């Protein structure tokens, strides 16, 4: 995973998604929910960037904003050399062929009134001028690719199991030969034994078609398995971004540390010896984020400065980005990083 | 909540103005003539003089403006005067019915009691019958009780009231002689026997209307109960060891009542609107009958004022329903 | 996270398509086992709806009765060829006889023939008025739900219509336009169009509200987002993804709409405002017959039963549809 | 936990069947287990494995119909719960057996205050006065770590966050000092940091109150951290039963073994590729006359198709329902 | 034919016997006694009275309700004779009350009559009543009755002389009958002209001289009255209180009197004959009927209503009707109709077939009976003879490319639609096709010049409705058919000559009538005019002489049904028949 290896397929700069709050007699705008508040990251061609965080931290909104499913409040999103942050409908429609999405709930993301062939074929109808026969053939190919029996092409989604439905969703995302796929919690709704099947399928497809993934999940262990680099979000901002091994081995941000330590270990022996940081309290509302660092209300290593100044998100070591006052000085950061207990 | 209410009130002002204009123009376009009832023996020039005396000669916009002023300014002033004995509205022209040459609002006030007695009572009775039926039907879904309840309420929907009304009169007034066929609006209830008379004359119209109301509300109640009986919190309540009575009549009912209460509130304006057909059948000369006779006589000021009053009530009770919803359901905050 | 519905005992483990993935393979008939099963013909959700509908006895009876009545009024003229307008003054006020199974009226017109002719009108009014209100209601509901910008204005419009006192306006509109339409389309077609229009235009608001609510909910479903991520334009989004999924409330509204339209038409007849008085509809026949309730009760009974049975059967169909279309109930 | 103690709850041969339009579903099939005083019994399984239905069946919280109990017995304090009347069951539910459900968002009644809902079992089972119940309710909220407890009694559920609501649910379950607490996936809907808080809380409460707990989950990590003994369920049956360390160290059933391997970890080595269990969970419409796991099992042989394996003891307090013996990698000859 | 006429006579006889019976029984049974002895009287009007001032309303229901309170100087009795009420006697030329030159009439008020507030009735009140109705901007509905009055001179306190601008052979329009009673000047003094509608109290509760006074007036609902303490006859009225309930429909009103016995008197029961019979079987009450001048008729359009004509000439005398201008066609259409069946179906005892426009009073009624027999064959022959044959075999006769296709309109009303259907059937039998059309009565009779559907505009070939005349003198009624009195664009489609009939001879006769005071002579001229319009030219095809049917309870005595004045004209004489 050397840095020099590949081009940046996706560049996100200072992305903001604010949803206005209206109140009062005249429905005036009294504030905004800062779902995504200044997020920047790059994704290299062929890699998988994991985006983790707890519910409500803005990771799904971030994913959808990157695909321009929302109109951005501000910021820039450049995919495959094209700026789509302010693209018009025409340019956007062309770009849809490059970027696709796999959704969380395989039940909800498939139109219950359409057949499998209809669902997988929809992007083809929208974007490709194909004969009916060619399209049929392409649908079969896609079904083969995701491991669905061709015989089921005329079935409806409710006749399938969760894992199979997620395969349909993946086939739909693959239909246009995209370069970039956002997987928005693709395994969250699946049973444990099925999750592994889907993750393996995603990995196989990545290899086969040279895909680039943004893998959004709250499941830190699965992200560790699939991602090359991992970004941790908290309350609309990226707290830490680093290569996978580094972040799991020595997390820098106190939030990352707490998050990792909260994951229960499926081994009673390890479980009993492990040191855990249990965070106090709840995540603040994104409509009223705290002054200063947004983690300051729960941070076990909170300092005075945290309540006043929002820490800058910056690179503290090659490829390691963190937004924390503990690493104010890049020098110290490196030292601290070295000194961090695992 | 307060903000929400104020905002809704503000929005309703242009809505109501628009409605009043729409009603006015519609009535204006109607081809009828208030002179239609005048016998053919009255010569045309006399009819023309009568028309002019009603103010029909003036242009539309002036009449609309006059009506607006009379309705929104003079009439409230009169009300104020009659409450406090002042004389603010002295000498100001009120909204006058063409048919009776008397102030529209006085007739409306006169019709209120019988309308409220018959239509209002039937609404209350209908609701009181409907709620338990809806609750039991939902709790015992697909049981015999549910089937019968469903059937009865469907019948309540399906049979036109002018049919049930006449049928009841023939059976209970003509054949059996139990109840009077004609409602006496002048009956004063001051002792037991007059009370019994009042009850007797109300039985049939109230029954006809209550059946219809009960049919509707019980269907809502049943659906709402069914929605809530499957909720997780019901299981929680059972897991606490609460009796079924408490589970159903407290936990489920309280939640199910939220949409039903708003439905009931939305139905209240129809009470004031009267039940045109039932009033007609039983000669309960309430607001519904007033409206229909006014329409038949082309008494435009009366029709205009009545329809507008209904519109105001509908808007008002829509608002009340929304506010009730907010009050009943702690999750809803309209701001 | 597992689907929370999956293990929920309150609904049992078999639960229609909504959570078929909990016990996926073959939990419903026609569902397939593990991949590689034999190819089966496509089985749309409507089959499940029909399966559930079949278990609702009232709805099945209702559907049967409705079909019988519908066929009766459509095929009636071929089976019973007496002209409903034909006057036979000698046979006036006859009770049920072989020549006139339903009797005759005060001019000696055959009641059965008039019932058939009246049924055609009443049914036609019911069905067309329902279609009109459905089209308007669905259009308004879908547009308001789908396009945020239109929502405010369309919902204000809906509120406005809800706030209009309908019956008086209905009366006024009929008085107002009846003669103009009659002049253009002839007496029967004109008044038919008017009544259908008036009933339709004053009854779409509930449908619009329900549809809008459903559209708003469906818009939040991920498959709409999925379609958006593909780049599906708005009109195809509506017709391909939104409309098919709001069909259930629309169909329930449809059945109820037929019933209310038939009742409204009969109420208009009662108030003397429906079709011309020599033009039979069930409402008109019933109204005309109420005067003769004591002498010739059968004259009231025929149209009374016809209206009540039709509305009742349609209501039962609606009830059954509502249950059948509700995935939570389906499978019970 | 001492092995020999008298169990508080003894379940024998429990069978629950759902009657549906498309036939019967055998949701719980001859399940037997016991619960000892003070222990935490973990129940793991995927959705549809019957773990929740089993626990709900114990105390009659499955709706009947469509559910139907087909025999078995549930002994609780010398009483067979399956044969107890509704009134007797109500006296037990909420008082001697407490429940915590999965989704704290929907499990609380939205229109009553938290205080009211908390007081309900107290007033019903303990006969407390209104004021006394309220006082006790405040203590309970305090106990489960809700700050400013007395004031928050008059708040409505929607004013609490998810984690706080689950604490309320726990307080409610504990209100009458039950002997048994059944927790049905209580942390599944919560975030990991909140889950960690709840797990800490439960451990803490166990020490303070000492009741026996049944903890249903699909998360092996949670089980590893909290349970004393584990039941693994699959296809409506218990396929393996063992003390927690024994189970993780020495799984006997092919399903348990596969399951443990599919789960990735945030610590330790990272496998280059995840192990999977091919295929889908079974349908339970057929009568249980064969091993439910046979279609996904790597060790399937004739007998698996012909017979439903009984639970073979494989060690002290350890049994597995499988004809295959991993120690010898050969069929058992029982 | 003879038999049928005989039958008719028998029916008529039976009716008068019925009325006579009621009266004789009344006279025999009325024991007299103190005022208010018989308690409560319940009357039901299915059209609810909306006002008690007959000058501000066109509704019969309102005149009749008002007649319980307000009285004129004189009334018409059931035979159409003039009866003095507030006046000492009916003034005539003979007794000197009417001047020889017919330009003035002098009324003398009885000495003992008082208003219900105890003040005396004076000639001042008579003069005021005239002022009230003729005041500018008041919209007086009875203005026509005061036409030609130059002045009302107060001779002394009890005497008033009405001066006309031209000789009036029939000077009894003003101050006579229920539509033109005397108002109290004191009460209405501030209600002149545009202020008339503001006097709600006076309009609802007028001070009168009649047997009753209003205690509670609820417009369009119910009126409660009690006996007038100052009524001139100390023994009357027999009833202490009266409730006059309004609303509902005729069937319900009939039921309430005859079947359930809840009410004592029900007004104007326009019901199918068999329905009335059924109700009468209830035994609580009986229907009573009497005939007036109301005739249901078909009016033939003598001008062309073809929509392709320009609006200036369509349906005006400039364009004669393509076939109805031929008399044989009109006659054939009349001959095809069986008036007996129409009567039987539509009105029963409350109707009789007629061939006359003026069916009563006897003095003015012609004796045309030719039309009473249906003659289909004759009608066919007549058309044949006039050259109308079915040349193209479509079942409809035609001549020179003109088809005998009629647009036949009427107002919306169940009986009229039955009639239309029957008549269409008969016309079809003689080879005339008809398209039926019915217009809501508020539009049909509304007189709106903008509407194409008014009976005046007559955008149809034939139309059916009923009309009558006030009082007992047909002069004004027959004058409607004068040349130039037809509705036409120049008159904003106002006018009463609906058929656009124009005949010099007819107009000359009308002029003669207006100069004649002698009753015999007036009768002769009127009959001749009537015959010109009907039996001679078939311009108007009379169908049924419509009587009035009301119902009274068996124990209500003194009722004399009167079609010339208010039905309640003698309510003071009503009483309860003792068991």
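Lettered A, B, C, D and E in written order, each chain numbered from 1.
One rule holds in what follows: a contact is a pair of C-beta atoms (placed from the backbone, for glycine too) under 8 Å apart; a residue touches a chain by one contact, two chains touch by 3 or more.
Labels paired with UniProt names: A, D = ABC transporter ATP-binding protein; B = ABC transporter permease; E = Peptide ABC transporter substrate-binding protein.
Just so it is clear, the model here is predicted, and its values are computed rather than measured.
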Chain-contact steps, minimal, separating chain D from chain A: 1
Given chain A and chain B (ABC transporter permease), the chains that contact each of them: C, D
Comparison of B-D and B-E (more C-beta pairs in contact): B-E
Centre-of-Cα separation between chain E and chain A, whole angstrom: 90
Separation of chain D from chain E, taking each centre as the mean of its C-alpha atoms, in whole Å: 92
Averaged-CA centre spacing for the pair chain E and chain C, given as whole angstrom: 49
Per-residue multi-chain contacts in chain A, two or more chains: 161, 163-164, 191
Shared-contact residues (touching 2 or more other chains) in chain D: 46-47, 61, 103, 218, 280-281
Junction residues of chain C - those touching two or more other chains: 1-3, 8-11, 24-25, 28, 175, 179, 290, 294
Chain C partner contacts - residues on chain A that touch it in the complex: 64, 67, 69, 92-93, 96, 99-101, 103-115, 122-123, 126-127, 147-149, 151-152, 154-165, 169, 172, 188-189, 191
Chain A to chain B (ABC transporter permease) touching residues, read off their complex: 23-27
Chain A to chain D touching residues, read off their complex: 54-55, 161, 163-164, 191-197, 199-200, 203, 218, 220-222, 224-225, 248, 258-271, 274, 276, 278-280, 282-283
Chain B (ABC transporter permease) to chain C touching residues, read off their complex: 11, 15-16, 18-19, 22-23, 26-27, 29-32, 147, 150-151, 154-155, 157-160, 162-163, 166-167, 170, 174, 226, 230, 232, 234-235, 273, 276-277, 280, 291-292, 295, 303, 306-307, 310-311, 314-315, 318
Footprint of chain B (ABC transporter permease) on chain D - complex, ascending: 59, 61, 86, 89-95, 98-99, 101, 103, 106-112, 120-121, 124-125, 156, 158, 169, 172-173
